[in-house]
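In C-alpha cells below, several structures.
First subunit A sits with subunit B, and in the next complex the same chain sits with subunit C.
Then we have the complex of A and B:
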C-alpha cells in the first residue's frame, strides 16, 4: 500500500516539476541510516524516482531555502514547513512567487528515539506504517504499535498539520495519527508555573549536556543570520568554552530571537544529539506570545509580527 | 610499550565489577563510559555514575580523555605594577585509566598522537595525559549496523593500543593483560580476580579470533582511495552532499579522530586564561580570516575538506587515515551524510 502511495506521489511531483519548469525540488530520499531519511535537493525530474515520504521526514525543509535561493524551487511541505515559509516571507527572506509548494497533509512524525529505545538496533526496513499503526518486524514476529504512541513530542500538540496556501495540495498518506488532542501552551504551562529556582534547575540540568555543536541553530529554518551572535568576536558576546555560562547565554539568546517566530516544528529538538528538549525549554516564549498577542507564528504571511512591528496604540505596559 | 611475554588472563565476575572499579578509582584517575541523559560519554569515575558498557560504540568518543572539548592551557595574572605571572596547567603523575573504550576509539589515538605528538612540537598538555594513560579496552560482542571498523583495518576485538583487553563473557569479563603497564595497574587488585578456567579462556579465545560476524564490505585500500578522492576533487558528488549539509558540529564532535581546535584568550585587566576548544571544519567561521575573507567560504569546500583530511591529507602527511569506522558520524548526522557512501563512491565494487 505504501509503495503505491510513494509511486503516485513521485508521479504527481514529477509532473509538477516538468510542467512548472522548476529548477529544483526539495524533499526527502531514503538512506541506509536507521530511521533517518536524507533531505535532498533534486535537480531534475528524473531524480525524483528516489523520493520518499514517511514518518521519519521530520526535518523542516524551509531552512534550505536560504541555501538555495536562486531560481524557482519546489518544496514538499508539511504543516510546519509551510508555516516556517510564512515567517520567511514576512521577514522578506524568500519571495512567494519563486516557490512552488506541494503540501502534504502531515500524518504526524515518528520518534526515532522512542522506537530505538523500544527496539534497539532497529532498521528502517523493519518499520511498516499503515493507518493508525506502526508495525515493527522483530525476530520474534511483528509487533504493532499505535502511531499516536510513537509520535514525536512536537507532533502531539500540533494543530496545523494541513499546509495552507499551497500550489498543490496532495492527498493524505495512507498512514496518519489521529488529530492531536494536546495543546502546546498546556504542555509548557507547568514549566512556566514552576518556582523560579526549580525552573532554573531544570534548565541547568537539561542544558548541562549541550556540546555547542549548533545543530539546533543550523537546522532551524528561522535562524538564517549570516553571522550569528555566537560567532561575533568583536565584541565577543560569549566565548566558545564549553561551560554553563556560555551554554546558557547561547540558548537564552536564541530563545529570545525566536519569540513570535518559532513555529514549534521541533526540528531543533529532533536534531539535538544530546536529546535536550529544546522545544519545551523554548516553548514558554511561544506560549507567552500566544497569550500576550493572541498570535501564533506562521499562520498568515500577511500579518505583522508582534515583536518587530510598531503600533501607536501599543499599551506599552512594560514601560514605567 | 613493553608487551608482556606470557599471556596473562584473569577472570572478573560480573557482580564484582562495581567493587573493582571503585577500588581502581582509588589508585588512579579513572574514566568510565557513563549514561548521561540518553547518551553515553566517557567521564571521570564517580561512585553514583551509571556505568554503561552496552552502547556499541558509546555515542561520545573516548578522545575527550586526551583532548577535552574545552581546556585551560594556562592562566595569567597581572599585578598593579604591570608584571604578568603565567600559571601553567596543573600536572600530576597519577596514572590516567581509560576503562571500557572500544577498539575503534583506541585506534583513533594513533591519529591523535600523530597530530599532537609527532609533528614539529609536541603538545605538552596532550603529552602529559598521553604519558599517564593506561587503557582497559572492551571487545564488542554486538557491533552496530553502522560499525565498519573491519573495513578500516580494525575489528571488534582488535587489541592494538590496549594495555588490557576485556572480553565480555556470560558470567563476567576476561581481562587479557597485554603490557607491563596494564599489569602494574591491576596487580594490586589481584584479589578481585580468579584464574580463568580453560573453558572460559577458550570461549574468549574463540570470540576474539572470530571477531563478531560483521560482513560490511571489503577492507579499504587506502592508497587507492586516496588516489580516487584526489582524482574526484571536482566531481558533482560533493555538491550533492553539500546541498543538504547543515554545517553543524555533530559529525566532527562525534568523531574519535577529528582533532581540529581553536585557541581563545579570555582576558581582563587583572588576568585571564588561554583556552583550547574543539572546533569543526564544518563550521563556516572555522576558516574565516580577520579580513573577512574565507578560503572555504562555500559549503562544498567544507564538506570536501572533511573527507579530504580523512582520506587524502592525513595519508599524504604519512599519518593514519582519518577514519576508524566507528559509524558515529553515520548515525548522528541529521542529513544522512554517510562516510561509507563516500568510500563506496570512490572505491566502487567493494561496498
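Then we have the complex of A and C:
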C-alpha cells in the first residue's frame, strides 16, 4: 500500500521536476540509521527513485533552503515545513519565486524513541504503516499498534497539517491523519499553574541534562545567524562549559529568538540526545505570543513579526 | 561564574542591576541624587542609550553573573527619544518576563518601569519598592540549582 503511494509520489515529483526545470529538489531518502530518513537534495530527476515519505520524515526541510539560496528549488513540504518557509520569506532569507512547493497533507510523524523503547533494536524495514495502525514485524510475529499512540507529542498538537499556498498539493498518504485533540496550552497551561518551586524543580531536572551540543539550534529551520550568540566571544555571553548558568542562558535566549517565529515542527525535541521536552519551552513562548499579540507564526508571510514591531495598545501589565 | 560566598541572612543586601535609559530614567536618577533623596544603595546603575537597547542577553547575563534582581527603566510611552524604542522594548519584555516566571524565576527579580527625567521622587520610591521586593525573595543562587527550589521568604 505505501509502496504504491511512494511510487506515485516519485512519478508526480519527477514530472514536476522536469516540467518546471528545477535545479534541485529537497526531500527525504532512506537512511541506514534505524527509524530515520535522510533529508536529501536531489539534483536530477533520475535521482528521485530513491525518494521516500513515511512516518519518520520529522526533520523540517525548510532548514536546507538556507544553505541552497540560488536557483529554482523544489521542496516537499508538510504543514510545518510550509510554515517555516513562510517565516524565512518574512525574514527575506528565501524568495518565494524561486521555490516550487509540493505539499503533502501530513499524517503526523512517529516517535522513534517510543518505538525503540518498546522494540529495542528495531529496524526501519520491520515497520509497516497503513491506515490507522503501525505494524511491527518482530521475531515473535507481527504486532499492531495504534498510529495515534505512536505519534510525536508535537504532531499530536498540530493544527496545520495541510500545507497552504503550494504549487502542487499531493494526495494524502495512505496512513490516517489524527485529529489534533490538544494544543500547546494543554501541556503548558498546567505547568504554568504549578507552584513556582515545583516548576523550578521540573525545569532544573529537565534542563540539567542538557549537554549544550546545540543540536536543537543546528536542526532548527529558522536558526541561520552566521555567528550565533553562543559562539560570540566579544562579549562572551556564555561559554560551552556545562554549568547551570550557561545552560539556562542558552535556552532562555534561544527561546526569545524563537518568539513569534517557532512553527512547532518539533525537530528540536526530536533531535535532542537527552530527550529534553523542548516543546514545553517553545510551546510557552508560542502560547504567550498567541495570547498577547494574537499571532501565530508562519501562517502569513506578508505580516510583520510580532517582536519586530509594536502597537500603542500593547499590554503593559509587566511595567511596575 | 564565581559567586560570592553565602553570607548571613541579616547581613545580606540585595544587588540589583539597573539598566537606565540615557534620556529619561538616568536623568530621573540624577534628579533624585541632586534633590538629595535617599534610597537604598542596592542598585548598580548601567547607562544605556534606550530601553530597547536591552536584550534578554543583558538581563539573563546579569542574573547569571550574580545579580539578585534586574531593573530596566526607560521613557514613558510617547516620550522615547527615538520615538518608538520603548514600545518595541515593551513587547520584548513582557514575553521575557512571562518566560522567566514560567521557568521558576521569581517575578520580583526582573522588573520594568517607566521613569521620566522629572520623576526623581518616583525613582527613589521605585528603588525602595524593588529593593523590598527583591529582599523578600532572597538572594538569587543561580539557575537550575537545587537551592533555587526553595528560596527562603
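The rule we apply is simple: the second predicted complex is superposed on the first by the 308 of 320 C-alpha atoms of A that agree within 3 Å, B and C clash if a C-alpha of one lies under 4 Å from a C-alpha of the other, contacts with A are read in each partner's own complex, and residues count from 1 in each chain.
The definition used in the following text is that a residue touches a chain if its C-beta (ideal position, glycine included) is under 8 Å from a C-beta of that chain, and two chains touch if they have at least 3 such contacts.
As the structure is a computational prediction, the values presented were derived from the model and not from experiment.
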First, second, both or neither for A:214, with subunit B first and subunit C second: first
Touching partner for A:255 - first (subunit B), second (subunit C), both, neither: second
Subunit B versus subunit C as contact partner of A:172, first or second or both or neither: neither
Touching partner for A:289 - first (subunit B), second (subunit C), both, neither: second
Which partner reaches more residues of subunit A (counting touched residues only), subunit B or subunit C: C
Which of subunit B and subunit C A:45 touches, first, second, both or neither: neither
Partner chain(s) touched by A:243 [first = subunit B, second = subunit C, both, neither]: both
Touching partner for A:204 - first (subunit B), second (subunit C), both, neither: second
Overlap of subunit C and subunit B interfaces on subunit A (superposed complexes): 243
Subunit A partner contacts - residues on subunit C that touch it in the complex: 1, 55-57, 60-61, 64, 77, 84, 87-88, 90-106, 111-114, 126, 129-130, 142-146, 148-150
For the subunit A and subunit C complex, residues of the former touching the latter: 188, 191-192, 196-197, 199-204, 207-208, 229, 237-238, 243-249, 252-253, 255-256, 259, 281, 284-285, 288-289, 292-293, 306-312, 314-320
Interfacial residue positions of subunit B with respect to subunit A in the complex: 36-39, 59, 69-70, 144-146, 240, 243-244, 246-250, 253-254, 262, 264, 266, 275, 277-280, 283, 285, 299, 330-336, 338, 340-341
Partner subunit B, residues of subunit A touching it in the complex: 31-34, 36-41, 59, 63-64, 67-68, 113, 121, 123, 209, 211-215, 218-219, 227, 231, 239-243, 270-271, 273-276
